[in-house]
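See the structures that follow.
Look for subunit A in each of the two complexes below; its partner is subunit B in the first and subunit C in the second.
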Partner chain A sequence: MDTATEGEKVETPLNGEGLLSRLDPRVKIVLFLVLAWTVALAGNLLQVFAFLPLALLFYATAYRKTATILKLLLFADFFLLFVVLTQLFLGSPYEGVLIFFKSTVIVLFSLLLLTTSSVFDLLHALHHLKVPNKLLQITFFFYRYLFTVKDQLQLAEKSAKSRGFIPKTSIQTYKTYAYFMGNLLLKSYFKSENVYKALISRGFKGYFPVFRHFELGKLDVIFALFTIIYWGVAVWRFYL
Partner chain B sequence: MHISEGVLPGWCLITGWVLTSAGLYVGLKSINGRKIPRTALLSAVFFVASLIHVPIGVTSVHLLLNGLAGALLGWAVFPALFVALLFQALLFQFGGITVLGVNTFNMAFPGVVAYYVVKPLLKKGTTGSLIAAGVLAALIGVFLAATFVSAELMSVGSSFTKTAELAFLAHIPVAAVEMVINSFVFLYLKKSGIPLEV
Partner chain C sequence: MEILSVENLRVKLENREVLRRVNFSLKDGEKVFITGPNGAGKTTFLETLMGFVPFEGKISFKGNELKSEDDFSVLRGRMGYVFQNPDDQLFAPTVEEELAFAPLVKGLKREQVKEIVERTLKEFEIEHLREKPTYKLSGGEKRIVSVACVVTMDPEVILLDEPTTGLDRNKWEKLVEFFERTGSSLIIVTHDTKLMKRLGWKRLVMENGELRE
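Entry: the complex of A and B
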């Protein structure tokens, strides 16, 4: 019997927050890509700082979520911390500072432009942006069953713990974890068979019918124009 | 270990996206019908399993599991890991979108290499060959990924030599733990009778 609860809902960190969440995700994804790549290609601090006011302006629309944003900016990424610290103490401090600001600005854009839409809306928008359908199907099923799989793992851990399992550096511990994984692989393998049969029996042709369609509104056009003009001026003044 | 936004130079990010796109093309071509939900669910398993803290000595490590994923999925490891990394970037802001190409390639390509190396061993199916497959999948998966990450960091500039060295060294305990875990996973799957190449 499958005792795991059906996946709890997990969403993007700023879903539905602020003005930007009301915009068309297609517009936001395209603008995000333009902005993120421009900042990623920056070669000095001035070029990065040119986009900081825009990132802060976006942030102002979701200021009520400051705690979440700060937590994601500062603590989420150990690799960034590792790179910045090794650069400050063992390499070039300027590089460390440059990387820190580049990453901060890009992550702010990502948080406020991408994660203000729901996962489903983002995937729907990617479909309109011509991302291969097969890849989107995998992404959708992954998202749908991620938390079912996570619940199964937590259940296995709880059951092992209740039988006196204490993780330590030993072959027994590694074997237990390996069997957890083996069991998850096995369950998911069979679950995927059932998912496939369910899809076939409902006449699935590779597309999910959607109830809500995107419509490009006045607000989307104004926002896109404003951002592109800002981008153009910043690139002209600081990049060329 | 995935590289963050803003670290790598532009040419490196673009090369990563080109190579990953090629990998995705081959990977997506190799899956159809029932393999689509299967790849997605196994990808979810690898995502969840890589969040486990596995104790080693006084610390604990997260596993990469790219060798294991490659051995089981073949070229489909590209879309599987791409999706997992995309969600890490969206939900937790680990890694990122501009570096998604590089990060996917770093993880998935060693998986594909592991697939071709361990395939005959898995086919043989004796206890010894399954243990050898587990060890090889871990060594190839982790060390090839570590080599890519370090080489990419070195490409940023000479100030990154120490950063790259430390990044490589951090992968050694992961490889050690994964060798043991992979071997047990293969033995478990063999016992349970599902095909080792899904």
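Entry: the complex of A and C
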């Protein structure tokens, strides 16, 4: 299913890409939780590798975004490297390697199952999965205004540049950046007040009405069944 | 002498051709209006002249073609730009600081800067706003301050995007007097027919990404 509008499509890295993006996010979230939980509990490498073929299969559906996936994976692994190194020094290299592969597989699952939906769809799905509304709205606004904040910063920079400002290492430059930050804080504050006014003046009562709803399709059922059977077999063969 | 010239300018935004084959030139001291329907590409045109938007074609300032970010950053010290939305333009903590920004960046001495700021505050009759935080100004006040903070940089050309929107009679008059008096070349994007009638300069029309007389 495809509920994303054009604007939302740019938000998550793999949104709109491949078969997985056409699935109901509710199904994907539940499956992700099951898979991530299982892999996280793995006690040896074999148990982790049991899920690698599934992760690779998911990846195959979005192979056209290989560059993006690798970039994000490397980004995550870069941080993991520190964990692994610490483990090495603590004298348990196997633990380190295990953590590394566990995390890589989980990140892969999250990229392919979660970031193939838009943020809005994910939050909508979490609502159906009974996550408290307040939490979802905070997340939504945070995500929504993250981009506004970025835009505001760029606008301030444009404005300064159009008046001849060229960043260099000088007091003037530091002062200008201090202005940007101060301005950003204040503007965010006043903007939030205005957004609130705009919301209540259009009848906002604490929840977002959603125009398009999810429908569980045949594809969702097939996908869920396939994944659950894979999971069952993997757990039975390698975990029990 | 030609101060600004544009040949076969084309701009694509998100795979849509927003400006197509725009040709334009502006003489030293010349003042023109650009009008046209919403979404025609007027703001995009001004932003492209400032070097904020990737383009195809040729833009020259005083006969020198502008290509790199460096070319444009030099130009920006001599060509001012008043944003369509003053909220986007103002970032300094107070009106005074906002006006002082450009001359300070230019490296002028403190006394000189002070003199320029004073003169401009008086010129636009906004002395009482001197210490006001810019985010607390009214809509019309923001508008006039956003013009004033470009005027203090003493540019050779000023691009203004709908500078008269939301001004009261008095502020409108102040601004029009400035437009008449200034020695800078002006490109004013506007829907204000009263303004165009009053000043009677050349009118260009932007429509569907094309500019014509």
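Going forward, the second predicted complex is superposed on the first by the 189 of 240 C-alpha atoms of A that agree within 3 Å, B and C clash if a C-alpha of one lies under 4 Å from a C-alpha of the other, contacts with A are read in each partner's own complex, and residues count from 1 in each chain.
As a convention for this text, a contact is a pair of C-beta atoms (placed from the backbone, for glycine too) under 8 Å apart; a residue touches a chain by one contact, two chains touch by 3 or more.
Because the structure is predicted, anything quoted here is derived from the model rather than measured.
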Determine, for the superposed model, which of the two partners subunit B and subunit C contacts more residues of subunit A. B
Return first, second, both or neither, reflecting whether A:Leu216 touches subunit B, subunit C, both chains, or no partner chain. neither
Answer with first, second, both or neither: which of subunit B and subunit C does A:Val233 touch in the superposed model? neither
Which of the two partners, first being subunit B and second being subunit C, lies in contact with A:Lys161: first, second, both, or neither? second
Under the stated touch criterion, which partner chain does A:Gly182 make contact with: subunit B (first), subunit C (second), both, or neither? both
Would you check which partner chain A:Gln172 touches, where first means subunit B only, second means subunit C only, and both and neither mean what they say? second
Which holds for A:Leu225: it touches subunit B only (first), subunit C only (second), both, or neither? neither
Which partner does A:Leu56 contact after superposing on A: first (subunit B), second (subunit C), both, neither? neither
Residues of subunit A contacting subunit B in one complex and subunit C in the other: 179-180, 182-183, 186
In their complex, what parts of subunit A are in touch with subunit C? 152, 155-156, 158-166, 172, 176, 179-180, 182-183, 186-187, 190
Over in the complex, which subunit B residues touch subunit A? Could you list them? 1-7, 10, 13, 24, 28, 31, 33-34, 36-45, 47-49, 52-57, 65, 72, 79-80, 82-84, 86-87, 89-94, 96-98, 153, 156-157, 159-163, 166-167, 177, 180-185, 188-189, 192, 194, 198
Subunit A to subunit B touching residues, read off their complex: 10, 12-13, 32-33, 36-37, 39-41, 72-73, 76-77, 79-80, 82-83, 86-87, 90-92, 95, 98-107, 110-111, 114-115, 119, 122, 132, 134-135, 137-143, 145-146, 148-150, 153, 167-169, 171, 173-175, 177-186, 188-189, 191-193, 195-196, 199
Enumerate the contact residues on subunit C facing subunit A in the complex. 50, 52, 73, 76-78, 80-81, 83, 87-93, 97, 101-102, 104-106, 133, 135, 149-150, 153
